[in-house]
Amino acid sequence: ARSGVPEAVLGSGKTVEEIADLAATAVETTGRAIVTRIDAAGAGAVRRQLAENAPKATIRWDERSNWLVATAPAFERPDVDARVGVVTAGTSDAVPAGEAAMIAAELGADVTRIDDVGVASLARTIDAVSRLREQDVLVVAAGREGALPTVVAGLVDTPVIGLPVSTGYGHGGEGEAALSGMLQSCTALSVVNVDAGFTAGTQAGLIARRVAAARGG
Amino acid sequence: ARSGVPEAVLGSGKTVEEIADLAATAVETTGRAIVTRIDAAGAGAVRRQLAENAPKATIRWDERSNWLVATAPAFERPDVDARVGVVTAGTSDAVPAGEAAMIAAELGADVTRIDDVGVASLARTIDAVSRLREQDVLVVAAGREGALPTVVAGLVDTPVIGLPVSTGYGHGGEGEAALSGMLQSCTALSVVNVDAGFTAGTQAGLIARRVAAARGG
Amino acid sequence: ARSGVPEAVLGSGKTVEEIADLAATAVETTGRAIVTRIDAAGAGAVRRQLAENAPKATIRWDERSNWLVATAPAFERPDVDARVGVVTAGTSDAVPAGEAAMIAAELGADVTRIDDVGVASLARTIDAVSRLREQDVLVVAAGREGALPTVVAGLVDTPVIGLPVSTGYGHGGEGEAALSGMLQSCTALSVVNVDAGFTAGTQAGLIARRVAAARGG
Amino acid sequence: ARSGVPEAVLGSGKTVEEIADLAATAVETTGRAIVTRIDAAGAGAVRRQLAENAPKATIRWDERSNWLVATAPAFERPDVDARVGVVTAGTSDAVPAGEAAMIAAELGADVTRIDDVGVASLARTIDAVSRLREQDVLVVAAGREGALPTVVAGLVDTPVIGLPVSTGYGHGGEGEAALSGMLQSCTALSVVNVDAGFTAGTQAGLIARRVAAARGG
Amino acid sequence: ARSGVPEAVLGSGKTVEEIADLAATAVETTGRAIVTRIDAAGAGAVRRQLAENAPKATIRWDERSNWLVATAPAFERPDVDARVGVVTAGTSDAVPAGEAAMIAAELGADVTRIDDVGVASLARTIDAVSRLREQDVLVVAAGREGALPTVVAGLVDTPVIGLPVSTGYGHGGEGEAALSGMLQSCTALSVVNVDAGFTAGTQAGLIARRVAAARGG
Amino acid sequence: ARSGVPEAVLGSGKTVEEIADLAATAVETTGRAIVTRIDAAGAGAVRRQLAENAPKATIRWDERSNWLVATAPAFERPDVDARVGVVTAGTSDAVPAGEAAMIAAELGADVTRIDDVGVASLARTIDAVSRLREQDVLVVAAGREGALPTVVAGLVDTPVIGLPVSTGYGHGGEGEAALSGMLQSCTALSVVNVDAGFTAGTQAGLIARRVAAARGG
Amino acid sequence: ARSGVPEAVLGSGKTVEEIADLAATAVETTGRAIVTRIDAAGAGAVRRQLAENAPKATIRWDERSNWLVATAPAFERPDVDARVGVVTAGTSDAVPAGEAAMIAAELGADVTRIDDVGVASLARTIDAVSRLREQDVLVVAAGREGALPTVVAGLVDTPVIGLPVSTGYGHGGEGEAALSGMLQSCTALSVVNVDAGFTAGTQAGLIARRVAAARGG
Amino acid sequence: ARSGVPEAVLGSGKTVEEIADLAATAVETTGRAIVTRIDAAGAGAVRRQLAENAPKATIRWDERSNWLVATAPAFERPDVDARVGVVTAGTSDAVPAGEAAMIAAELGADVTRIDDVGVASLARTIDAVSRLREQDVLVVAAGREGALPTVVAGLVDTPVIGLPVSTGYGHGGEGEAALSGMLQSCTALSVVNVDAGFTAGTQAGLIARRVAAARGG
């Protein structure tokens, strides 16, 4: 309902028919449908439905991060003059990081991915510093002990949003250690819930818009 | 260690002598000492120590929010052209909200307090909308069920940082319900830990600086 | 065992044969069988069993909320003169809300559904106020941060029963944040367990009966 | 803010001066002040403040349940024609039960206390059945394993609100076992948080008002 | 390893071949194999293996409680002169209750089942008192809020072992409320873990043996 | 209320006057008062009260385990022919172990203390085996990791009741690790709550009575 | 990234293609691929991929512990002169114990398995003492109550690393009781997470290397 | 009981007399007393007791880390040829770090403190690398998010024992985030409980002895 924040359909817990209907309606009424947590079956259903309702729509589906964006030909994505960096430690962080990157981009930000900079190989983290400093806001994804946002925030002045990832088994597994570690971080961060790439990306996008508005964009 | 973010002394868990020493050193080396979670005894010790080491220093102590800022005569607080709103639902939110407001101000932001807008009296929340919209970033403090940031974020486009407050007894008390509710919020927020006014204010201040930099300030 | 409260069969954890037997017995002995948490297979088994034992029975099965009510031709559902409102924020609340509505109706209350009034779009919540005020008791379902019952209870004088829904992932997910938020609500509510639509609807129905009895009905 | 529900001052976490000020204001503006969780020192402060501001006010202070009600001479407590029963298992339940009874009475209900009917001596519980059945709504307080509301609700048709009490040590202590047991009850109850006598009494009072309104009262 | 306590094979987490091998070895070396948590596939594998290794063995398999006992023709089950009562509230308690009854019987006790005496229908519980009093030790199974052992122990002098059952959903579900309620019980009980019918039955059997030994049996 | 189980007054959470009144009444009506969790102040109050009401009563107060037993001259403690062993690992186990020993003795059992047999010095545990085997039932207290009951139960055929003690700091501290370890024990035990010496001793005493009854005592 | 510690591929959460690619790359670049948590399908994919990329590689796959090690013909495993003992209580400990043994061996240590020495049969534990004392460091795996490392560490001077195993159901199940018990152990241990055989084996291997280096090897 | 590991008296939860007695006995029988968690009052009592029993004993008391070591004149502390490094992030880590350093030294190791190398100022951590590499085993203390052991272990080949410190407030506070983060660490560590400096130091000391033994020391 927030003006300017696109509505997204959360695919999980819905039937493929429900998803397809909601996506078709979104394309028709707003020119764009954003669906998260959607699998191949859901993406197929959307494709079939749009083939009927909106045959000229463009569909992008990210198999890895499980999102789908469909746009009507006339739709113009906003473009704001501000940079969002999305940072990951390992391959398992890709799913929520991809979700964050997508929604920040749909909000109009210039999104850069900075991958494979986990704290177990600190040299790579330090090598990335200049790329990290170029961004207006950073989303930093990390699973297991979730130390990466703490380390990154100690190296830059940019606001950092910690995104805990549901990796790890045993005590503190499924992202709980990463979440509580980020909440306890000895460098100041704000945080979103485990795997909440959508929330992190939206927050980063809203900050980017404020920055861009200040730039006169 | 972050460049530009002032170091603060966390008073809790330190003896009054340790606090006073650290504060005196900070005034001497950086022109300013910021101490959080400091009570009357601690503030007295700082006063006595500075009377010796830095007799011309100015001391502000907030008895309610338990912070102290001491500045050398020559110290010039940064001033950045961006607005931080600090919002509360009730009087028990004042402690962490005051901490957030202090540190955002010390980072140079223009800080506005918007108080007593809790969701139990929704009309007052809605009345505050135009003041809320004037800010570049909002810190919204709430205890118990912590619904206020969710409601505020649904009313404005500004980025909202949820600050859970350690009120409430029984199940979900001590701010745990507020924290988990903000992490689950159905409008996108980022969040800090329970009572972490310092973290919320720093994050808001860093965002304000980015916005001000974009403004050419 | 409570006099006047119909026994219901909890389908989950029972074999389809057990469910069908219990349902047939209930129709034969009390004129009505109420089954909750029953899927298509269970509903089919009940249908086949009743085709034999009680071929004139009427069967209603709600595929969405997973309940089934079978009644003998002679059965007369009680009818009491009091109104129960069942309120939801979004589509994922429909399952327990439907269970609550069913059992309140079977207890004889006049049940009204008030849907899609979630706090992320506060205008719609406020638009519903007059409909909310017409009810004698409200069951308000909400998942994720579960703020809706708190907001509704601040707008009306009616007793509100909060019904947390098992949506949301990560910390406080599966309805735990909603439950603890409702228990911490800054407006007075009573609460049932996560997804306990049956309990909420029964409590609402018992209140409706007291009100109706006072009305002389 | 709910129309008709008196505002109460929560004493815990406030200084005695703050409590006294808020109480004096409430007496002046609404004719009545209700304070909960107030100790002897707080009650003394209120007494002194009212001696100045409202010397004709009547003050009742319950040392056991830690509440205080002050009323201006002109204040007329509402009187509604409906009965609230407040039930306890043992002496340790008296604190929250007393809070519930007070607020239900201030809302205008006829309140009856039914004490010492714990499940360890089942004969006494059963002896109380006719008194239990006379009520329009029951608040049932219980600590430790919290079985009493379950047993009571199996014996009567009246709506039962379970009020868990913070007794018990070890695992499930401090009322957590009682709360989770009431949420899991095999007879339908609604529940409030641990020690939330104020919430239970308000909910019972709201139900009583609905019943009384139906009675034409 | 305890002398006199038969070793049992825990079926869950083992392949059917492993189970069959262990069962065959137990029959050969001790004359008896006891397997718990074994499904139809496991029972089939045991049957085939014994057809080869011990074709004269007798096999009993309880499909409901998922246990299997195989005995060589020469095996003589101990017989001790003491009575164990196994009590349940509802059908879902049958699984762990059946496991408890089996192992107590294999230890030689005279086992009596006392079913369907849940606290929601207190009259039935009270009707069972004389049967409850005839036992030397009671295992009382209960799920959800787990109140039954508390109520039973208040009615008899016999030692009661509470056996929490993994029923119930939401907060305190999966037997956690039942376990913590029994640990908090206001009448003295000892307790075993959720669904630990094997442990409860063994403890009851050991007590029965002590009693029988005292009887001179 | 259990016939034959003496009522005990739980001192914690009561004023010294309340304790003294309840103790005096118990001596007058039943010939004996048992108070647990009573400190020096409480014991003094009981002494003064009995000096008035029952000047010939005998008082025993255990400063270490915080219990008090007062008996009228005519009172005859039951004496049953069965042995309860109370076993500890270290000095910190003395408090709940002493409570267990007292109540088992008041129920009439012959109580033996077997101390300082913790698993860190396994030789001492093994040396105690013959004393352990002489008992009819064992209460085994252990804090921290709580391994002692598991080890003891592997060495004897006697029923073992595990009594977790609230020692230990950090994760699993305050007896939680000991409790969950005993519930998971790989040798069959039954368990009581953390520090619930009263419950363990009562359960042991009830078993002792059954054994003694079988002995014809 | 640690020099000398081989990188391992964590198979869980990766597709079989990803695993096969990573394994092939590891063989090509370092001469060895270590994969943990890999099932038959994953092992098959690695086999096929290496048949193409590195047809002369040797593959070992442990079906029980789910690890795979592939080595190029030229690869020479380090060989360090120090002994690691891997100790288990029962068959369910085999999976993480096997993982620990593999990685310690790949780090070059001489690994000895000491199995079936659980505390329920203490005699076997004591029989193993001389074998336990021969090792330079011990990894002791245990599930359920996890008492074995505590008992072992009381019998030897060797450093003991506790490895909790995810066995057990109910409260403290899935290894949580074992973990918290080991953290609370009354004999000094260090600990790894539940099922973290990889971590335990690596830590043991690093200690073995220090010892071997001191030996001049 | 472990041969060669000195017994230590845990001061907390004991009276000063008990502590003084145990310390005096230890000096008399073993030549040395080690007491942990002892405050000024306890230290005074030990001093007075030894003035009587062992007037020539030497006493060291660390006010900060709350330990006391008393030695008879003839006592010779073992001296083993191996290095233990004790690493901290901030001043609040000093308490458990000091306990770890003391016990490792009493076991005979050469102990080096490496302080103030927290991850918020990564440059200092990296500057310490050569000092870190000189050690045979490292104890790394860290509170709040506890990232330091993960970062250190990525920089060195030495075995690292993580020691979580009970700092931090809110969710994951009191060392719980640090503990779970270390258990989830993406570089292999072993871990002890929160504030368990004694355990960490003992484990490090045992490893040092093995290394020294291998060195022929």
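Quick notes on this structure:
Going in written order, the chains are labelled A, B, C, D, E, F, G and H, and every chain counts its residues from 1.
Keep in mind that, in the parts below, contacts are C-beta pairs under 8 Å (C-beta built on N, C-alpha and C of every residue); 3 or more make two chains touch, one makes a residue touch a chain.
Owing to the predicted nature of the structure, the values given are computational and were not obtained by experimental measurement.
Under the contact definition, chain A and chain D share the contacting chains B, C. Chain pair A-B has a twin interface among D-E, F-G or G-H; that twin, with over half of the contact pairs alike by residue number, is G-H. Here the CA centre of chain A is 37 Å from the CA centre of chain C.
Averaging Cα coordinates per chain places chain B and chain G 48 Å apart. In chain D, 1-2, 120-122, 154, 170-173, 176, 179, 183-185, 187, 193, 196 are the positions where the chain touches two or more neighbouring chains simultaneously.
Taken together, the chains touch in the following pairs: A-B, A-C, A-G, A-H, B-C, B-D, B-H, C-D, C-E, D-E, D-F, E-F, E-G, F-G, F-H, G-H.
The part of chain G that touches chain A in the complex is made up of residues 1-2, 13-14, 18, 164, 166, 175-176, 179, 193-196. Every residue of chain D that touches chain F in the complex is listed here, in rising order: 91-92, 120-123, 167, 169-173.
The touching residues of chain B, when paired with chain C in their complex, are 89-90, 118-122, 126, 144-147, 150-151, 154-155, 168, 170-173, 176-187.
Those residues of chain D that touch chain C in the shared complex are 1-5, 82, 136-137, 153-154, 156-159, 161, 179, 183-185, 187-193, 196, 198-200, 202-203, 206-207, 209-212, 214-215.
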